[in-house]
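Paired with chain B in one complex and with chain C in the other, chain A is shared by the two complexes that follow.
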Partner chain A sequence: MSVWSEWQDYLPAYLDGLSVTLKLTGVSLLVGLPLGVALSLALTAPAKAIRWPAVLVVEVGRGAPALVVLYFVYYGLPQLGLTWTSFVCATIALGFTTAAYTADIFRAGVNSIPVGHREAAQALGLSHWKELRLIVLPQAIRVVIPPLVGFCILLYQGTSLAYAVSVPELLSRAYSQASITYQFTTTLVLAGLVYAFVSLAAVALLRARWPRRSAARTDVAVPAGEPVPTAR
Partner chain B sequence: MQGRSMSTTSNALLSLDGVCVAYRQHEVVHDVSLDVAAGEVVALIGPSGAGKSSLLRAINFLEPPSKGRILLEGREVGGTRRSLDALRRDVGMVFQSFNLFPHLTALENVMLAPVHTLGVPTEQARDRAMKQLAHVGLADHADVKPSKCSGGQQQRIAIARALAMEPKVMLFDEPTSSLDPELGAEVLATMRTLAGEGMTMVVVTHEMHFAEDVADRVVFMADGRVVEVNSAGKLMRDPKHPRTQRFLDAVRNR
Partner chain C sequence: MVEILSVLADGIAQTVQITLASFVVAAVLGLPLAVMRMADSWLIRLPAVLAVEILRAVPPIVWLFLVYFSLGSSDHVQLSTFQAAVIGLGLIYAAHLSEAYRAGLDAVPTGQWEAARALALPRYQSYRRVILPQTLMVVVPPMATFAIALLKDSAIASVIGATDITFQAVQLTQQDLNGLGNFAVAGLLYIALGLPFAALARGADRVLSRRLAGA
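Let's look at the complex of A and B:
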C-alpha cells in the first residue's frame, strides 16, 4: 500500500485540510492587514504617545516567534479567563504577527514617497488626510505590493503552525494520514507539493496582474532587493 | 513693537516682519523684514547656505518661522489651522525639483488642488486647469504623465498647478537650478510672462540675468541676513555693500 498508488483515496482529506489552511490564511489577513495599516500610521505619527506603543507592538510581534504567540493565545490566555476555539486562537496569533510585519512594510511604502511630493501637497493647501489619501497611498501601494505578496505567501505556509494547536489544516491532515500508514516520507512530500502548488499559482497570478514595472517608471522608487519569494 | 506697527500699516501685499528660521537650536535666518507690494517681483539672491530657500519656505509655513510674523494683505497668517489654510490658498509655490505627482497626468496634477482644496466642481476645475496648461504652452500635454515630459515641461506644469489656485503671490524656489540652460530658458520665459501680467512673485534664483531684467527689486542675502536691498538695476550694477560686490564679481567672472 503506497500513497503514490492510492493517492486518489488520500486526496479528499488533503483538500479538506487545504480549505482550512486557505480559510486560516484569509481570515488572518483580514484581521492583520487593517491592523497593520493602522499600526504603520501610528508608527509615523508625530506624537510620541501614539508612536511608542505602536513601536512596542510591532517589535513584540516581530520579535516573538509565531509559535510562541500561538501557544500564548491557546494555553496562556485561558488562564486569564479567555478561551476560544483552536481556529480562533490561530487567527488571533497569526493576525497579530501579520499586523506587526505588514506595519513595517506599509511604513516603508509611505516613507518611499519623496518628501517633496508631500510638501507640494501641503503648499497646495491639501489637508493631512487628503495628502495621505490622494498623494501618498496611491504611490505607496505600488511599492508595497511585492513585499506584501511575499509576506502573504510566508503566512500561508506559516499557517502550518496551527497544527500545534490541533486546527485540522493541511499539515495536520497529512500527519494523521501518516500516523496510520507510517509512510511519513511520501505523505509529507505530498503535503509539501500541495503547499508549493498553491504558492506558485498565487505568484503566477500576481505576476500576470502586476507585471514587473518597466524602466519607464523611474519616477516611483521601488526598493531594490525585494524579490517575490517563491515557495521552497 | 515699532517695526510691527510699521509693516501692518503699510499697503504691502506680503510682509515679513522680523522673521527667523531655526532648525532645532540652529538659526539659519536671522530677523528678516521685507515688504512686497502687489504686482512686484522680488528676487532673492546670494551664496548657497545664505538662508534664501529657508526664508522662502517660511513664507508659506513649510518651515514655520521660529520668530516673527508673516502678513498677507495686512493680516497675520499661519498661526492657526484656519489662517494656515487661507495662506496656502493664496500663496502658490514652485519647487526646484518640480514635485509633480507622478501617478497623475498633467491635467490631474493641475486640477487636484482646485477640486480638493477649494471645492471647485470637477468640470469647472478641468476648464480652469486646461486654461492654465494653455497659459504655460502645454495644452497638448494634458493627458501625459510627468515622467514623459522634459524637465522644462514638468516645471511649467508645476507653475500651471500653482496658478490654478489663483494665488495672490507666487513663490519660486530655484525653479531652474535642476534644468540645463536651454530648458531653464523656457521656464524663465514663462515666469517673465507671468511677471508681465502683474503677478506678485518672490523668486530665489541664481539666474542673474533674470534678477536684473525681470525683478523690480533684488534682495541680497548672506549668512542668514539681508545684506542689501535695492531696485534691480541699482543692486546689480552698483552694489553698495562689499559682500554684495564680492558675490556679484564671483558670479560674473565664472
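Let's look at the complex of A and C:
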C-alpha cells in the first residue's frame, strides 16, 4: 500500500483529532486569558498582599513543566474528590499555564506605556480604573498582540501533551493508528505534517500582519527582545 | 515530602543529563544554522530556513515519537530512550538557538563587517576573529532562557519512557495514589534545577547593560 493511500485512510480520524486539539486550544485560551489579565494587574498592584501570590502563581506556572502541571491536575485532583474527564483536566492545566505565560506578556505591554501617559491621566484626576481602561489598555493591546499570537501557536503545539492523559486529540489518534498498523513512520509523519501545517499557516499570518520590526543597526549592541532602557 | 524526594531523586540525574546533552547538541548545531541563514546565496539559506521552520512547527512530543518509534526502532538503528530524547530535543533546540545566535550576530554593528572586509579578511576569518567573539556575550541571556525551556521540555522524555523526574513521579503515583504531593514536589524540583540558569541570565544581563551604559 502506498503512503498516499495509507494517509487517505488515516485522514478522517486525524481530522477528528485535530478538531479536539483546536477545541482544547480554544477552551484553554478562554480560561487562561482572563486569568492572565487579572494576574498581570495583580503583579503591578501596589499592595504586597496582592502582588506576592500573583508572583508565586506566575513563577510556578512558568517554572514547572506543563506536563507536570497536567499530571498534577489529572492524578492529584481526584484526591480532593474532584474527578473530571481528561479533557477538563487538560483544560485546567493548560489554562493555568496560559495564565502564567500571558500574565508576563500583558505586564510587558502595560510597562511599555510611557510613564508620562499615566502621570497625565493622574493629573487629570482619572480614577485608577479609568486610567487603565482609557489610557493603558488601548495602547497595551497593540504591543501585546504579536507575542500573544506567538503564544497561541505554542499552546496549540502544547495540547499534544494531553496525549499523556489520553485526551483523544491529534497525537492520540496517530498513536492509536500506529499501534494497529505498526506503521510508526507514516502515521507519525502525517501527524507532524498536520501540526506543522496549522502552525506554519498561523506563523505566516502573524508575519504578514505584523512584519518583524527590522531592527535598525545602530552602533550600540541592544540584545534582541530587550526593551531599550528608558529613564524611569 | 522527604520520602517523595528520595524517590524522585532517582530521576534527577537523568533529567540533568538529557537537558545538558541536548543543550550541547543544540548549541553546536545552532551556530551553523544561524550562519547559513545569513548567507548570500539562497541555495545555502533555504535548507537552513526550512529546517528551522519545520523543527519549530511540530510539537516536541511528536518529534520524540518520530525519533524513538520510527527512526530508532528500525532494523538498522536501535535507540535508547535517552538517545532518542537527546536527538529530538537537541534538534528542536538547535532551531531555537539559531534564532538566538542570529540575534547576536545582528547585534554586531555593520562597521565591524566593513572593517573586516577592508582588512581583506576572508569570510571564515571575519566570523572567527571579529564577529563571533562579540556575539558570545549578547547570546548568553537568551541561551540561558532556552536552557530553562529545554529543562522543562525534557519532562516530555518521560512519555517515551526515559526514567527522569517526571517518570519517577508517575511510577510513584501509580503505587501510592498521592498525585498532589508527588507532582508538587516534582514541579518544585524542576523550578529549583532552573534557578542556576536564571541566575546566569540575570548576571549576564547586568554585565551587558553596564557595558551599554558605559558605551
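By our rule, the second predicted complex is superposed on the first by the 200 of 232 C-alpha atoms of A that agree within 3 Å, B and C clash if a C-alpha of one lies under 4 Å from a C-alpha of the other, contacts with A are read in each partner's own complex, and residues count from 1 in each chain.
We adopt the following convention: contacts are C-beta pairs under 8 Å (C-beta built on N, C-alpha and C of every residue); 3 or more make two chains touch, one makes a residue touch a chain.
Source: prediction; values computed, not measured.
Judged by the touch definition given at the top, the superposed model places A:A13 against neither chain B nor chain C. Of the two partner chains, chain B is the only one that A:Q139 touches; chain C does not reach it. In the superposition on chain A, A:V88 contacts neither chain B nor chain C.
Residue contacts after overlaying the shared chain place A:G116 against chain B, while chain C stays out of touching range. In the superposition on chain A, contact of A:V189 is made with chain C only, not with chain B.
Which of chain B and chain C touches more residues of chain A: that partner is C. Contacts of A:K130 after superposition: chain B is touched, whereas chain C is not reached. Of the two partner chains, chain C is the only one that A:V203 touches; chain B does not reach it. In the superposition on chain A, chain A positions 217-220 are in contact with chain B in one complex as well as with chain C in the other. If you check the complex, the residues on chain A that touch chain B are 114, 116-117, 119-126, 130, 134-135, 138-139, 142, 216-220.
Residue ranges of chain C in contact with chain A, taken from their complex: 53-54, 56-63, 65-66, 69-70, 73, 103-104, 106-111, 134, 138, 141-142, 148, 152-156, 158-159, 166, 169-170, 173, 177-180, 182-184, 186-188, 190-191, 194, 205, 208-209, 212, 215.
The part of chain B that touches chain A in the complex is made up of residues 60, 62, 85, 88-89, 91-93, 95, 97, 99-103, 112-113, 116-118, 146-147, 158, 161-162, 165. Within the complex formed with chain C, the residues of chain A that make contact are 59-60, 63-69, 71-72, 74-80, 157-158, 160-161, 163-164, 171, 175, 178, 184-185, 188-189, 191-192, 195-196, 199-200, 203, 215, 217-226, 229.
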